[in-house]
Each structure stands twice: as C-alpha cells, then as structure tokens.
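The same chain A turns up in both complexes below, where it pairs with chain B and then with chain C.
Entry: the complex of A and B
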C-alpha cells in the first residue's frame, strides 16, 4: 500500500501545478543557499588558513624584544569551523571568529559577521538551516494539508473504506508518502554531508549522524502532524488554517518568545558593563596589597631585603603573580557569565517541548559546532593558551631577566623563545561528550515524535469512524 | 450459516436505527439473493441511506442485524467489506488521476491483484470510451464516472453491490447503459441493492421493489408484480398514506 499511495500522491502532486512550483522554489532556494554557504565557507577557510600561517610567521618574526612586550604584542587565534557550519551557521555571525590573546586581558572574539551585514540582512539570512527548519515545514503543510481532509470532502475516503480500506495502513502510507516526498528536499543536504565525509575531514560521522537523525525526526514530526490535523479536519481549508497557525506559533512566535523569556529569567550584563566591572575588580587597592604581600613573602622566603638581591628577575615573578591574580577574577566573573548564558540556553531549550523548531535548531547547531557551548569551549581553550603564553614569557623573564643586569639594556627574548610557545591548535571534542548541552532538546524532539505517534491512533480512529456522522 | 444465508447475499433482519429523537429505520427486514436486483424506493429521509450505511458498516444498528454474504459488518467489518462494492450517487474519484489510474489505485488499495492490462480491460467492459481512459477524471461526465465506479466493483469481484441513487442526474442514454451494466453484473451472480428515486429504472431492472417511508418498509413487490403494477401510483399511495397518518 505504501508504494501505491506514494505513487498516487506523487502523481497528484506532479499534476497539481501549484505544488510543483512551490517545490521547485524551495529546492531552488535550498540549492542557492547551499551553494552560497559552500562558496563562502571555502573562502573563509582559505582566508583562515592564510591568516593562521601568517600569524605564526608574524609571531616568530617579531624580532628581539622584552618577553612582556611580546605578551602585549599578542597572538591571534582563529576559531575552527566544521563542514556542517555550511548548513547551519548558527550563532557564528554573532560570536566572532578571531580571539586576540595578550597580557592582562581576556578578550572577546572579534570579526562578527553581523557587524559586516547590512541592516536588511539582519532580518534573516537565507541559510540551508533556515530553509530546512522554517520553510520545509511550511512546504510539508502545503503538500499534505489536504491529503486526508480532501478525501473526506470529496467522498473518496468513504468510498475507499466501503471498499475495504484498512485505515491504519492508509494513514501510515499517507504519512510515509508525505515523509518520503519531504525527504527529497533533504537529498542535496545529505549529498553534501556524504561528500564532506568522503572527501574532507571537516566533519565527523557522529556529528553527521546527529544532524541527519535530528532533521529526519523533525521532517517526520511535521509530516505526521500535518496528516493528524488533516484526518481530524472536516475540510481541507480548516486543516490548512490550523496547520498554518501551528507553524507560525512553533516556528516564528514561540522561539522569539522563548529567547526573550530566557533573557528575562537569566539576565546578563551588557558587554560594556561587564568589561568595566572586570577592570574595576582587577585594578583595585586589594591588588596592590596582594602584590606587596607577595613581594614581602618572596623576600622573606629568599632571606633578602631587596628585590635586587633575589636570584631571579622580580619583574617576571610580579607579572606572573599579576596574571594569576587577574585569572582568579576572570574565572569567577566569566564563570558566572558563562553559567548565566548556559542557563539562558537551557531555558530556551525547554521551550522545545512546545516547539520542535527549537529542538531541531539546538541539535543542528550542536552538531555543526555553531552553538554557544562550542563557542565557550573554544574561548576556554583560547584562554588556557593565553595563560600558557603568559606563564612561559613571564617565566622566561623571571629566569633570564638578570642575565644582562649589568648593562643598560633590559633583557630581550628572541626567536628561540617565541618558538617555545606552541602554535594554537584546537579541535572540537567528540559530540558525544557534549550531550549535557543538547540533551534537553533531544528529549523534547523524541517526546514530540512519541506523542504524535500516539496521537495518530486517534487520527486512525477518526478515519475509521468516517461515515458515522 | 444456514441455506438461506448461503443464497441471501444481503440480509437485513429487523433492523432499527435512531438518531437522538429521530427514528431513521424502524424494524425493517429484506433479503437480496445471489443474482437478484432489489430496488429500494422511498422519498428523502425514508431511511434508505441509513440502511445502506448499516450494510457498509458505517453505522451500528440499535437492534436487529445485517449480513453481507453471511458476515455481520458490525462484528467483522473488514471481512464484510471485502464481500461488497459500493457506488454512491456521486462516484468519488481523484480528479487529477485518469480513469485507469483511479481504478488501479482504488482496486489495489482494496486488495485486488490485477495488472494494468486487466484493469484496462475492465474499463472497456464498462464501455468507457478509449480516449477517456488515460484522461483525468476531472474532465469526465457523471455517466463516465459511474462507469469507473462499476469497473471498481467488477475488479473487486464482489458478491454484493450497493448503489445509492446511481442514476440520479444521468441522461436517458447513460442511464440505459448503466442499467445494462447492472443487469450484466446480476447475471454474473452479484446481489444488487439499489436505493433510488428512479421509478422507471426500478421497474425495468429490479427483481424486487421495496418501498420505504419514514423508516419503515411499507410495501414490496416481486417478479411480475413489478411489471404489472402502476408503480408510480402505488409509490405515491404508500408515501402519502404514511405521511398523513
């Protein structure tokens, strides 16, 4: 019955010019979005590679200078992308791609795509994810709203039932036929994933599986939801209206409401206020007192009265102490901010129980490593690297700063020292290790799936009872 | 199953059905034997469609029972529906599909195992014009749609055929063609129950005529009685008599 229904639905859709045109438009949009994202991804990757190479060269070729000057000279590190970010750019444009690592400061990422966008672009970029998450459900609705309701209206349902149609098989075949038709729109995306898996190392199998399964479930959810509504509706028109209301609520209004609500429930300070708070908490009399105490403790430890009598360069030790002092404040304040952002993210995810859009969006961004969690992991890795640089440079200054004390010149590091600092290399962890960041969304998507499977029992019953009114 | 059940393909036994305060069918009984055509006459609201819906398993009787080839649809709807074919007043077909595609889909979904050539043959058998077979049903006349309906019934090889106002809206020529098809089916042993307003067609085709009014079976005629009767005056007499009670 499945093949039969699939063939019949396909024939009807093919001959229904409107449906065919809609499908063509969506496919064309998807192809355009995919090509444009792919092109832009390739460009960005090539630029990133160039910058990474030249940045290392810049660092190594900075010439002779004091280690602390080199710490301020800084290093730029670049956030890596997975191949899935072509499909799901997620928060990339809002998070920035470059992080400057320098002394005393924990910087925010730079070069946010949104800053380069013209105003109109901010209202929604045409990305494959946008088409799959927002437009594809709409297309599924337009393809399937009339599927059972129109059979009821025209009388074919009653006639089929009288001829011995099995309602359960009929409903299942209709769902699978609509699901199959909708999956056709996923083919370009699936091909891209397979291509990336085979010919590039930009994505992993696990991330691809998470991405494909999430969208598979999402498409199935919309297909079965459309047919449940269609089987309940007395007329195709009322099925369409009901489905459009559900679509606009779950894909447009609820996500917006959920974001606002999450921000309200877990408010965070603006970046400017946060930065000024950081400064005010670090550069305080307490810091001066802590440095004075450290100095006194060090002098006592070495049994000397003056820093000039210490067996190492005091400036290196003091700078490292200052770094560590600031690090504890960074850890506390950034930690709080990070917790608030995670709380916002989880709060938003909870709304997935009312909107499968939120669930698939979260899972999609997780798989593509374009969500908040992955950004924070990158930032944390960058900060770890910054601390390593500072510790290495300050340690070098401490150990070697006295070597030319007698001359007028201060100690300078050279290429040998710069080479000790390893090049930053970051790879996102296995997606399986990050389940806590998207578990809630995954559970919500599964709940949607199970609930709709259960509700289909009533839809089948409704079909079976056709003709009793 | 007794001998009567074996010959009576369609049995309606003391059937009653009401909707809220309204008694749609009140204790009616009749049978349709193999190869027999029974015309169920009656004005709108007489209970003809309710009786048909009970036979099709869409409605459960309040009391009494119905059988299709010995199977009670209220107890085993799937088995009962396998034995019957149903043609409503407006044969519901998919307008974007051709007659052949409609026949193929409707039959296969009901479990009929035939190939395209056999389905095409069935459409020839019901005299659907060759040029129309591959055309979308949306362009068909009512008579052509009825022919596709008959082809669906033929494909199913059903023991019982239930028709609800089949000739309503057909021109005399199409009505005549339809009548021929019905009679051919009856000769093949199909039991046919035909609810109709068409007194002429009932008199021409039916082996038994049953007149219903206000949910009751008020009169029935068999065999030669039908040909000899002034059916119109008899019909009006019974319909008016009960209406004025």
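Entry: the complex of A and C
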C-alpha cells in the first residue's frame, strides 16, 4: 500500500510539468550556489592564511623599538571560518572579519562585506542556506498543496476510501513521498558535508549532525504541514492560499518583526553615544587620581620617595595599570552591550515557536559558526590576546626599562621579545558547549515537529470521515 | 456598462470574508511600515543632533575653561590638552561629518542601516575612520526592517495576487460568463473592471495611510516626491495586475492561476534579484578586504621606515609648508616637529593606498552600473532602485556624502598642518625648558566644520515608464487572447 502510494506520487510529480520545471530550476540554483560559495570559500581561506602568515612575519620583523611602540603597532587578527559557512554564510557579511589589537583600545571588527556592496545586495545572495530555508518550503508547498485536496475535489478520495484504503497509511505515504522528494534537494548539500568530513578538517561531526538534523526536521515540518493543510482544505485553491499565507508569515514577515521587536525590547546605545561614553569614562580625573594613588602605593611598598629609585621602570608599571583601568571600563560597557545583543538573539529565537524558519536559521548559523554568538566568542578571544600582548610588553618594559638608562637611550625590545608573544590562533569550541545559545531554537523546532505529528492525527481523522460521509 | 460591472463586482466582494481580512491586513501593514519608517527618521535625526550637540558642547566647554588653562604654569601632556593644536588634531577633536536624512527617508530605509550617516573626524589616515559603523544586531541588517519599500516590493504583489487570481472564475464556473458574453459583454472588459475594483481594495488603503503619514510626519517633503511615490506604487501595481490578467487570459483553473502567479512572484521578486546580485558580484569581483589589510600594513611599515624620504615627498607636494619650516643651523636639514612628521606620514600613506582604495570604488561603481542596467529584468529591482533613490538612502547619495567627508578630512588636515607649523615656528609648543606650552587653539569654533551639500537627485521617472511598458505588453497579450475568446464565443473558457 505504502509503496504503491509512493509510486503514484512519484509518477504524478513527474507528470506535473510545472513543478518539475520549478524543481529543476531550484536544484540548478542550489548547485550553482554551492559551487560559487565553495569557490569563494577556497579563495578567502587561502587569502586568510597568507595574510596571517605575513602579519606574523611583520610582527616578528618589526625591528628594535620600545615595547610600547610595539603595543601601538599592534596586530591584526582574522576571524576563522568553518567549512559549513559555504552552506550557511549567515551573518558573515554583516560582521567584520578583521580585528585590530592595539594598546589602550578595544576595537570592533573591521570590514563588513555589506559596506562594500551595492543596494541590490539587500535582496539577498543566492546561497545554499537561502535556497533551503526560503525556497525549498515554497517548492514543497507547490508540490504538495493539491495532494489530498485535489483527490477530494475530483472525488477520487471517496472512491479510494470505499475500496478499503487505510487513511493512516494513505496519509503517511503522502507525507513520506513529499518528504522524500524534498530531501532530494538536500542531496548536494549532504554530499558536500560528507566530502568535507572525509577530506578536510574544516567541518566537525557534531556541527554536521546538528546541521543535517535541523534541516531534516525543517523539511519534514514543511512536508507534513503541507499535507495537513491539504487534507483539511475543501479545495486545492484554498489549500494553496492557506499555505502561502503561512509561508509568507513564517519566512518573510515574522523573522523581520521578531528581530526588530527584539531590538526594541533590548535596546543598545548608538555607536556615537557609546564611543563618547567610552572616552569620557576612561580619560577622567578619577583615572588620574587612581594612577596617583597607584604611584603612591608603589613608592610606599618599596620604601622610596621617588619613581627613579624604584628597582624597575615605572613607565611599564604605569602603562599596565592604565591598561587594567581601561579594561574594567571596557568589560563593563562592552559587556552591557554584549548582554543586550545576546538578549536580542534569545528574544528572536523565542519567535521560533511561531516560525520554523527562525528555528532552522538559528541552528544552521550556530552549526556553521556564522552567528553573533560565535562572532562574540572570536572577539572575546581577540581581546584576551590583546591583553596578553599588553601585559607582556608592559611587563618587559617594567623589568628591563632601566637596563640601558646609562647610555641615555630608552629601552628597546627586539625579536626575542616579539617571539614571546604567541601567534593568535582561534578554534571555535565544540558546538555541544554552546547549547545555551541555540537551545531555545532547537526546542521550538522539536515542538513544531511534535505538534504537527499530533495534528496529523486529526488530518487522518478528517480523511476517514470523508469516507464515512 | 462599466459602472454596472463594478457595482456587481463590489456586491460580490462584499459577500466574501476575505475582502475585509485583506483590507484589515493592508491597513495594518501600511500603518506599521509607515510607523517604522518614521521611527527610523527620528532615530537618524537624533543621532545627528547628538553629534552636533557634542561638537557644540566641546566648543562651549573649551571657551569656559580657557581662563583656567591660561593661568596654569605646570606643564601638562599635549595629548591631554584641549587647547593644544596637536592634542586636538590627533586625539581630542570633536568634529563630526553628518549626512542628514531627506524628509522622504521614511519611504525606504535602504542602505542607511549599513552605511554610517556620521563620521567622527580626527587628523588620521582615512582608513582609520572610514570603516566606522553603527553596531546593531547583525540579524537586523540581514533581515532588514519592515518599511514601506519592503511592503510595496514584496507584500503588495502577494496581496494583489491573492485578491485577483480568481477573477472571472466565478462567472465561468456558474455559467454566467457565457450569458454575459451572449449579451455583448466582452470578457476583457469584465476582467479589467474586476481587477481594477479588486486592486483598489488593496491600493487605496495603502496609499491613504502611506501618503497621509508622509504629508503629516515628513516635514518638508516635496509634492514632487509624494507624487513620484504614488506613481511608482501605481505603476508597480499595474505591472502585477497586467501579469494577472495575462495569466487569467489562458483560461485555466483558478488554482492553476494562483500557482503560476506565485511562481512568477517567487521568480521576479526573490530569485531574479538574488541571482542578478550573485552574478554581478561574481563577474565584477571586489578586491579582498583581507588583502587590503595586508597592503595597508606593508605601506604603513614602509612609511615608518623611510622617514626622511617621506618628509621629502611631503614637502615636494607641499612647498608652501617647506617655506614655513625652520632649517637646522647645524645640519642644514628641515627642522620638522613630531606633528608635522605625523601628518606627512598620513598624507604619504593615503597617497600610497590610493590605488587600492580606488580599486574598491571602481568595482563598486561598476557593480552599481551593471545592477542598474539589469534592473529591468525584474520589476522588484526597478522599484527598489527608484524607492531607494527617492528616499535618499541609496548608494549614490551615500557616495556623494563620502566625497564630501574626504574633502572635509583634507580641510581639517590642512588647517592643522598650517597652524601647527606656524605655532612651531613661533615656539609655542616649547617656549622654554620645563614651561607649559602656549595655548595654540583658544577658539575651537575656528576649526573647519562639516556642512553637507545636498546633491540634486534625478527623479526616478524611468522606473515608472519601464513598469508601465511591461504592463502594456501584458495587457496587450491578455487583450488579444480574451478578444479571440470573445469572438469565438464558444471557446474553451466558456465551455
């Protein structure tokens, strides 16, 4: 029975020229998007590697100079990508990829792709994720909206039921057929994941599983939702309209409303106010007083009256104190902003209860490490590295700053000092450690799945009633 | 006859619950989109006002504290001294370049959420400030805001399709069409009247809300901008209605029509623009920003390492400054101070980076030109282009702003380099051993201010014309099919 229905569905889909053409177009777009994304990924990775190497060489070969000059010289670090970003570029273009680490300043990442793009970019890029999240549900709707409704309209449903058709098997077969058909579009993506798992280390198994399971559930949700609506609708026309309304709401409107509402609920200050606040809170008379107190405490601790009598270079100690003073303000102000942004992300995820698109988008970006949470992890790691650089350089100045005083030249560090500072290397943590960032979305997707399974019981009941009328 | 058809259509529509639902949805979405646009305008104005206030405040504070500073005798760090030209130039200056939004900005948020509308200026290389941006949740940028442009480009066609895809179907199913045709009524006339009545149900509330909001809340908006906005909506709606008529003229079932129209919407509003964008970006690939960083570092290093060469190059380009520079009596070389050297390095670095900066600009402009050429492939891209330009939140106006920012950046640098050299000549920075530097910038209001010069923008009339042309073609095709049906009277559609 099941096999027969599956065969029939397959034949009908083949006969349906309109949807067959659309399927071909979508599949072709997916293949093109995948190839273009992969090509661009390869190019960017090679550029990143090259620039990271030359940046390290530059740092090591900067020559003799004062450690504080080296601190101002700073380093540029580049955000790493995972292989899944080929499929899901997520927020990559909307967050910078390069971070400058320098003395006295905590910078935001630089060079957001969107700033170098034309206005047509706002229509979106044809990426595999865009096709799977937005176009595939629409294709599922077009493939399946008439599946049961048309049988009812033409009267064949009653005939089938009169011939002893089991509504449960009938419905299950329809769902499986549509799900199977939709899964065909996932094959190129799955092949890419398998290939990357086997031949490259840019993808981890955990992240791939999260990615595949999320999309598997998402596709199933749209397949079963389409057939539930189709089994309830009196005519194929009303099934199509209902499904299109659901699609426009969940894929187009709700995500927009949800994130803008999140920004209203958890507002952040404009950059202009934020930067002014940052400067006005660091360079204050309180800072001067704190430095003066630190100086007095140090003199007392060493039992001397003058900084020249200290057994170390005061400039190094003072610079490090200034760094630590600024760090507490950075932690507070950037921390507040980060908390608000995280609250916005969670608020947005809550809307996944109304939109499976939001759920799958969140999970997909988490798996591909192209969401805000991963960006912040990278920024935090960069800041940690910046503080390490400052502490090392200031510590060196403090310890060795007095050594060349007699020759009337200020102390200078050399390659040995630059080598002490390790090259920045960042790898995203296992996705299992980041569950708090996407748990809400995962729960919502599961709720969608369970709810639709339960609703399918009523859909089957409705089909059964059709036969009894 | 037309009036009779319209009255009959209104009567039929009033019976359907869908009608009221669609009116409510249109009113709600139009109000929300207009409100969001207005809120965005308020936010943008507030940011600019805050920046201007901060700048004024800095001038006033400096004026107030001048006396106290003049009475100081103990030396202070020049980089902490707001009355020192060097401190102001490199660290303390509060000077903003701002782009005020147009009154029509409520129509489309456009690129204004990703392109900054203000820059905080300092005498530094342009690479240090030109990449400033407003930090928001990046999802807001990815998904965009729900503004009038989004409502019109994406939602309006769906609303029009949902109300008009089954035009002519009821008459056909009930057999009324055949009777009407026998009485001399052409299906063409019936269909067009139905479409106009149905479209009015969506378009009138949309126009009512959006135009009222524009006139009420967008202070200073010109009537030309409002008229253009109305024309664009009507032309875009005409396109979708003409397409609907064309699809209906094939005489298939209403479910089939709905599916075809939705696929058309998907293709024209979602796939074609995204595909076009991907193709344009792939064909005219922008240089890599990662490699740009590499280049910037290399050039910076070169400038730092060859200080004397940099100074020579700088004074070659600025002989007027070389004349003002003191000559060391012992070495005979130009006695340049730290600040002049710093400015010289900035100038030389910017010059060295010019080809790389230009490369981005050239590619961006080439992409934009190509996008404009190919925008005629989709009504959505035509309309987006027109609405973004009308609202002043498109790429062209932003580029114009950037050009002015660069001029201001140069003006500031020139002001400081001249003033610093004069102060240096006078010995104001180091009047005597262990003395406090003289006040070299007593009045901050003398520092050049940025005033945005609005560029005359072109009216997006070509967008309207092209949309109407496409509509004309579809209407012509639909008319031919329906006239043929009318002539045969017993065609498939009637049977």
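In the analysis below, the second predicted complex is superposed on the first by the 466 of 469 C-alpha atoms of A that agree within 3 Å, B and C clash if a C-alpha of one lies under 4 Å from a C-alpha of the other, contacts with A are read in each partner's own complex, and residues count from 1 in each chain.
Here is the rule we use: a residue touches a chain if its C-beta (ideal position, glycine included) is under 8 Å from a C-beta of that chain, and two chains touch if they have at least 3 such contacts.
Keep in mind that this is a model prediction, so the values were computed, not measured.
Looking at the shared chain after the overlay, A:200 reaches neither chain B nor chain C. In the superposition on chain A, A:76 contacts chain C only, with no contact to chain B.
In the superposed three-chain model, the partner touching more residues of chain A is C, compared with the other of chain B and chain C. Touch criterion met: A:164 reaches chain B, while chain C stays clear of it. Within the superposed three-chain model, A:403 lies out of touch with both chain B and chain C [touch as defined at top].
After overlaying the two complexes on the shared chain, residue contacts for A:255 are found with chain C alone; chain B is out of touch. When both complexes are overlaid on chain A, the residue A:4 reaches chain B alone and has no touch with chain C. Look at A:265: by the touch rule set out above, it reaches neither chain B nor chain C. Put simply, chain A uses no single residue to touch chain B in one complex and chain C in the other. Those residues of chain B that touch chain A in the complex are listed here as 53, 56, 58-59, 78, 81-82, 84-86, 88, 90-94, 96-97, 101, 105-106, 108-111, 136, 152, 156, 162.
If you check the complex, the residues on chain A that touch chain C are 18, 22, 25, 29, 33, 36, 43-44, 47-48, 50-51, 54-55, 58, 62, 76, 78, 90-91, 94-95, 97-98, 108, 110-126, 130, 134-135, 138, 142, 145-146, 235-237, 240-241, 244, 248, 252-253, 255-257, 259-260, 262-263, 268, 270-276, 283, 337, 341, 344-345, 348, 372, 375.
Every residue of chain A that touches chain B in the complex is listed here, in rising order: 1, 4-5, 8, 11-12, 15-16, 154-156, 158-166, 170, 466-468.
Every residue of chain C that touches chain A in the complex is listed here, in rising order: 36, 43, 46-47, 50-51, 54, 80, 96, 110-111, 114-115, 118, 120, 131-146, 150, 154-155, 158, 162, 166, 253-255, 258-260, 262-263, 266, 270-271, 273-278, 280-282, 286, 288-294, 297-298, 301, 360, 364, 367-368, 371, 375, 380-381, 384-385, 388, 394-395.
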